[in-house]
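Presented sequentially are two complexes of chain A, the first with chain B as partner and the second with chain C.
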Partner chain A sequence: MTVLDVERPLERGDPQSPGANGQFDLLEVPLLGGFLRWRWSRTFLQLPVLLLSLLMIAHAFFGPQLAPKNLAALLTWVHFRGLVVLVLLVGGNFFCMACPFMLPRELARRFVKPSWRWPRILRNKWPSIICLVGVLFAYELFDLWGSPWWTGALIVGYFAAAFAIDTAFERASFCKYVCPVGQFNFLSATMSPLEVKVRQPDVCHECTTKDCIRGRHDVNAPCGDQTIILSELPIIQRGCELALFQPRKVGNLDCTFCLDCVYACPHDNIGIIARLPGEELAGTGTRSGIGNLDKNAGWTVLTAVFVFGALLNAFAMTSPVYVLEQEISRWTGLRVEWPILGMLFMFGLIIEPAILLGTAAAVTQYWTHSKVTMWGIINRFARSLIPLGFGIWLAHYGFHFFTGALTIIPVTQNACRMAFGLDLLGKPMWQMGGLPESVVYPMELGFLGLGLLGSLLVCWRIASQFNSQAPTKAFFPWSVVIITLFVSACWILTQPMDMRGTFLGG
Partner chain B sequence: MRLSWHTPDCLRHLIGMAALWLTMCSVAFAHEGPPFPVLMDEPIPGYRVSVWADPDIGTGKFYVVTESPNSANSPPEPQVEVWVEPVSKRLPKVTYVAHREDVRNWMQFLAEPEFDAQELWNVGIVVTAPEGTPHELQVEVEATPPGMGPWDLAIYLFPFLMFGGLWGVGLIRSWHANDRSNRKDLAAKDDSQNNDEKLEVESSSSINRRVQSGGTHSGSFSSPAFGGRVT
Partner chain C sequence: MNSLRIINKLGYGVCAVLCGFLSIISYGCQESTTPGMQVSATLDITPSPPTVGEADVVLTLTGAKGELLTGGEIEIEGNMDHAGMKPVFSKLTETAPGKYTGKLEFTMGGDWFVLVTGQLADGHQLNEKVDVPGVKSQ
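And then the complex of A and B:
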């Protein structure tokens, strides 16, 4: 038997091993690093989250239907959302790493090998954009935050969709092309301080197997005496299922932190390495698995939905939006909510971004005498809005989380009492809530302020690259857009949102 | 020292600031905060009543949620009133009507009583069923100041300002370092290009040929797993 292109795995302690260039690498941290290097660490993290999800589903359908007393509603809309953005802020995309929706498909793939490739026409961000807008719309239309039953239905629907798509289609099609939470996490992770990346690029230049993307094959598999091709051998460790080739991967976009590349790399040359949040947003050129962001309309539209959706989602929970809906109903005579909500979404996610981004691009083009098309300018500069968009999501979700973090205790105690008829976890301590609003409000402003700072810095950097002779002319129109969005977000935060902490008022 | 995210000192400073910030957060607990439940699932004839209170000095808020005893169907809409009086009895009892709020999935009423001082108050919730029988529930709450005012902003925004400053300086320095590195690369390429040209001139006298420099990000390889080229 002859096997082509096989490299031996690198032993720990080899001269090529990590840490030589002084970068902080999470995989080198004692205990935690060892745990993450363990091949089953992802499954170990996913299992408790899966059990929790099953508990939430049960409580959603059979528990109390008053949202503040229901685990499904509380954990989904207060704790999960809050922790997702906070973990993204201080770490990275670890929630995708622990995603429970992937476990059923892993189990199914042991019996059924997916045989289809994701349709070429859908290999872009448009399906996930439609899903993301759909979830935001359903959230408002069905008052998902206040409906345990619908929240449970959403979780079940998520499991079903992930299972169906990933058992029918090869690789991580659901994560890359469909999952709206994943897309939210990918964009937010551009602001994370950790990134899965190559430790020493020189090692990759000499690598011949590219296991990080192709996967590691079982060279000991029985195959007779004939010469075989490596790629036809069974895979014992898959490579990146999202088509991110580590040596050319840039940033956190499309990376689920699954660490398949870490386990597959025969040189132990991939780590979870510290970097400056937001730095990748100003990068130009082609990114592995993504292409050139400057020419990718899908990512630009996804960014617009991420940023303007943050404003819309926060605005929809304030008192003025109810007044506005009533006014629209009075003008139009409509008595059903969905067309009115549709109008608000049309304005918030299509008309408003088109006006703001289009005007900024037109002014940039006129002032800089650029030959780049308006759409090209929007593609280039839209990324600068991501830090502010993330700041708005942080302020919004952080508010719910910080003001209601401890409510999980009495709700769990109450669930236990209702399930077993006994106070096994003690009497529900309903007085437990979270931080006071007087503390959380400045924190909201702080998150928004950091978002504003990041957006302006990234915008200046992009403007300098766009027109190095007179960057101010390119920077000014976009800075006006950024500051307008920041002021809008600050205004929304000052609007009354009664009972937000306990989310009785949404 | 060059400021960099990779510098351990920088990380230590950030962790220190985060610890300082968390320490400051912990002093602000106590009674103030978002509405908290003061009664939960209290049974009265025809209803289960839960009350969330936000008894800020000035205008307080009391949210009264009424459910049917068996959670099966929504009960008939009752009339809800809330009265307050100081435990010390220094002021007379004042009654406020609670108005029904526009909430889709349950029945919720809001009353906004006035509290003039930080002290203990008796609060009564009177639920009157459509057939006219009133039932009263009583609790004791402490009215608290709504917050520390401008000091909150100053204290809690301070860590964000420090972090923002460090982050901004780090980003700018990192980009400048990239620019310098790119300029060096370009200069090195220019030098090697000039040397190549000199060699070409010397060897063949063909002065019209110029060596083109290529990009650093391009490149691809073929992988059957991805149905073709991977960039």
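And then the complex of A and C:
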């Protein structure tokens, strides 16, 4: 037998492998690193989250239909959201790593091999943009935060969509093109301090198999006495399903931290390595699996939804929004919520970004005498808003998490009491809440301040690349946009919280 | 392969346990109403409309024929519709036949609901929910 193009795995401790360049690498941390290197570590993390999800679904449909006493509503809208943004801030996209929606499809793929490729026309961010806007809209319209049943339906819908799409279509189509939570995590992860990346680029240059993208094949598979082609051998470890080729991968966009590339690399040359948060946002050029962000309208629109959606989502839980909705109702005579909510979304996610970004781009173009189109300038600079957008999400979700983190204790005790008729976990301690608002408020301002600083720094870097002779001329209009959004976010934070489902008072 | 088998077995075991647990939960969680009798609970809140801060509450309990239900030991629990908010509690005192008064602290603007629990004079357990939409922030 002759096998073409085969590389054998390096042994651990090989001088060629890990951490030779002195970077912090999570995979080199004792115990934790060993666990993450274990081929089934992702499944091990996903299983408990799957069980928790099933428990939440059961409680959503059969438990008390009172959101503050229901595990589905509480865990989804307080703990999950809060922990996602906090883990992204201090680590990386570990929630995608532990995503339970992937387990049913993994099980199904053992019996049914997906045969279709995701339609070419949909190989972009537009389906996920529609889904993300849809979820944000449904959240306000159906008051998902106050409805255990609808929350349960959303979780079931998620499982069904992930299962159906990834059973029918090859690779990780759901994660890359559809999942709104995934897109949120991808954009937020640009601000994370950890990234799955190549340890030593030189090793990749000499690699001939590219297992990190193609997958590792079973070179021991029986094949008779004939010459075989490596790509025709069975795959024993898949490569990146999101089409991120490690040597040309830049940053965390589209990376689910699944670690398939880590397991597939025969040179043990991929780690979870520390980096400067937000640095990737100023990068130019083509990125593997993504293309050139400067020419990618989908990513820009997704960024706008992420940033302006953060403001809209926070604004929707303050008193002024109800005054505004009632005024719109009075002017238009409309007595149903969805068209009024639709107008707010239209303004918040289309008109406002178009005015702010369009004006900034026009001024930049005029002052710098640039030949780059306005859309090209928006594509380039819109990324600088991501740190501030992430700061707003952090402030909002962090507020709910920090003020309500401990409510999980009495709610679990109560669920146990209702399920078994006994106080197996003790009597519900309803007095447990979380940090007082007076403590959380400065934290919120801190998150916003960090976001502002990050956005201004990224903006300056982009402006310096855009016009190295006079970066101030490119920086100024965008810094005005950033500061305007920051002031808006601060204003929203100072508004009285007002969580209503019935804006017309009905 | 051994790891795979272990995970498979673990998965089946966990599924079985979970099915049992879900059955118990679905059996155990019933709608909260006052069992065995028809009770009407009316909550009057001052100031009206309710505003963030301490409010005076008057709860009127009537039976199926409109008769006032006296001699109850009543507690109320205020909750926001949004999860993650700590509830507020208050014990009510009967100040007139069938009328129970007390204070309740609305800690945030938004939609609230009040759970009325306790025991009536005839021994019936009371378990009612009263919606308090649109508590004003200012």
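FYI, the second predicted complex is superposed on the first by the 497 of 506 C-alpha atoms of A that agree within 3 Å, B and C clash if a C-alpha of one lies under 4 Å from a C-alpha of the other, contacts with A are read in each partner's own complex, and residues count from 1 in each chain.
The rule is short, and it goes like this: contacts are C-beta pairs under 8 Å (C-beta built on N, C-alpha and C of every residue); 3 or more make two chains touch, one makes a residue touch a chain.
These figures come from a predicted structure and were not determined experimentally.
Engineer: If we overlay the two complexes on their shared chain A, which of chain B and chain C does A:54 touch? Say first, second, both or neither.
Structural biologist: The answer is second: A:54 touches chain C but not chain B.
Engineer: Is A:215 contacted by the first partner chain B, the second partner chain C, both or neither?
Structural biologist: first
Engineer: Mind working out whether A:182 is in touch with chain B, chain C, both or neither, as first, second, both or neither?
Structural biologist: neither
Engineer: In the overlay, answer first, second, both or neither for which of chain B and chain C A:430 touches.
Structural biologist: So A:430 meets both chain B and chain C here.
Engineer: Is A:64 touching anything from chain B or chain C once the two structures are fitted on A? First, second, both or neither.
Structural biologist: The answer is both, since A:64 touches chain B and chain C.
Engineer: Tell me which of chain B and chain C touches more residues of chain A.
Structural biologist: If we count touched residues of chain A for both partners, the winner is B.
Engineer: Taking the superposition as given, does A:266 touch the first partner, chain B, the second, chain C, both, or neither?
Structural biologist: After superposing on A, A:266 lies clear of both chain B and chain C.
Engineer: Which holds for A:348: it touches chain B only (first), chain C only (second), both, or neither?
Structural biologist: neither
Engineer: Of the partners chain B and chain C, which touch A:389 in the superposed model: first, second, both, neither?
Structural biologist: Neither chain B nor chain C is touched by A:389.
Engineer: So, A:274: does it touch chain B (first), chain C (second), both, or neither?
Structural biologist: Touch status of A:274: first partner only.
Engineer: Counting contacts the way the document defines them, which residues of chain A are shared by the two interfaces, the one with chain B and the one with chain C?
Structural biologist: 64, 66-69, 143, 146, 403-404, 430-434, 498-502, 505
Engineer: In the complex formed with chain A, which residues of chain C make contact?
Structural biologist: Interface residues on chain C, with respect to chain A: 3-4, 7, 10-11, 14, 18, 21-22, 24-26, 28-29, 32, 52, 77, 79-87, 89, 108-111, 113, 129, 133-134, 136-138.
Engineer: Show me the residue ranges of chain A that touch chain C in the complex, using the header's touch definition.
Structural biologist: 39-40, 43-44, 47, 51, 54-55, 58-59, 61-64, 66-70, 73-74, 77-78, 143, 145-146, 319, 400-401, 403-404, 407, 415, 418-421, 430-434, 496-502, 505
Engineer: Contact residues on chain B for chain A in the complex?
Structural biologist: Chain B reaches chain A through residues 5-6, 8, 11, 25, 28-30, 32-38, 40, 50, 52, 61, 63, 65, 67, 71, 101-106, 108, 110, 146-148, 152-153, 155-157, 159-161, 163-164, 167-168, 170-172, 174-175, 215, 217-219, 221, 223-227, 230-231.
Engineer: Can you list the residues on chain A that touch chain B in the complex?
Structural biologist: Against chain B, the touching part of chain A is residues 22-24, 64-69, 117, 143, 146-147, 171, 193, 210, 213-215, 231, 239, 243, 245, 248, 274-279, 282, 285-286, 288-289, 291, 322, 403-404, 410, 414, 428, 430-439, 441-443, 445-447, 449-450, 453-454, 457, 461, 498-502, 504-505.
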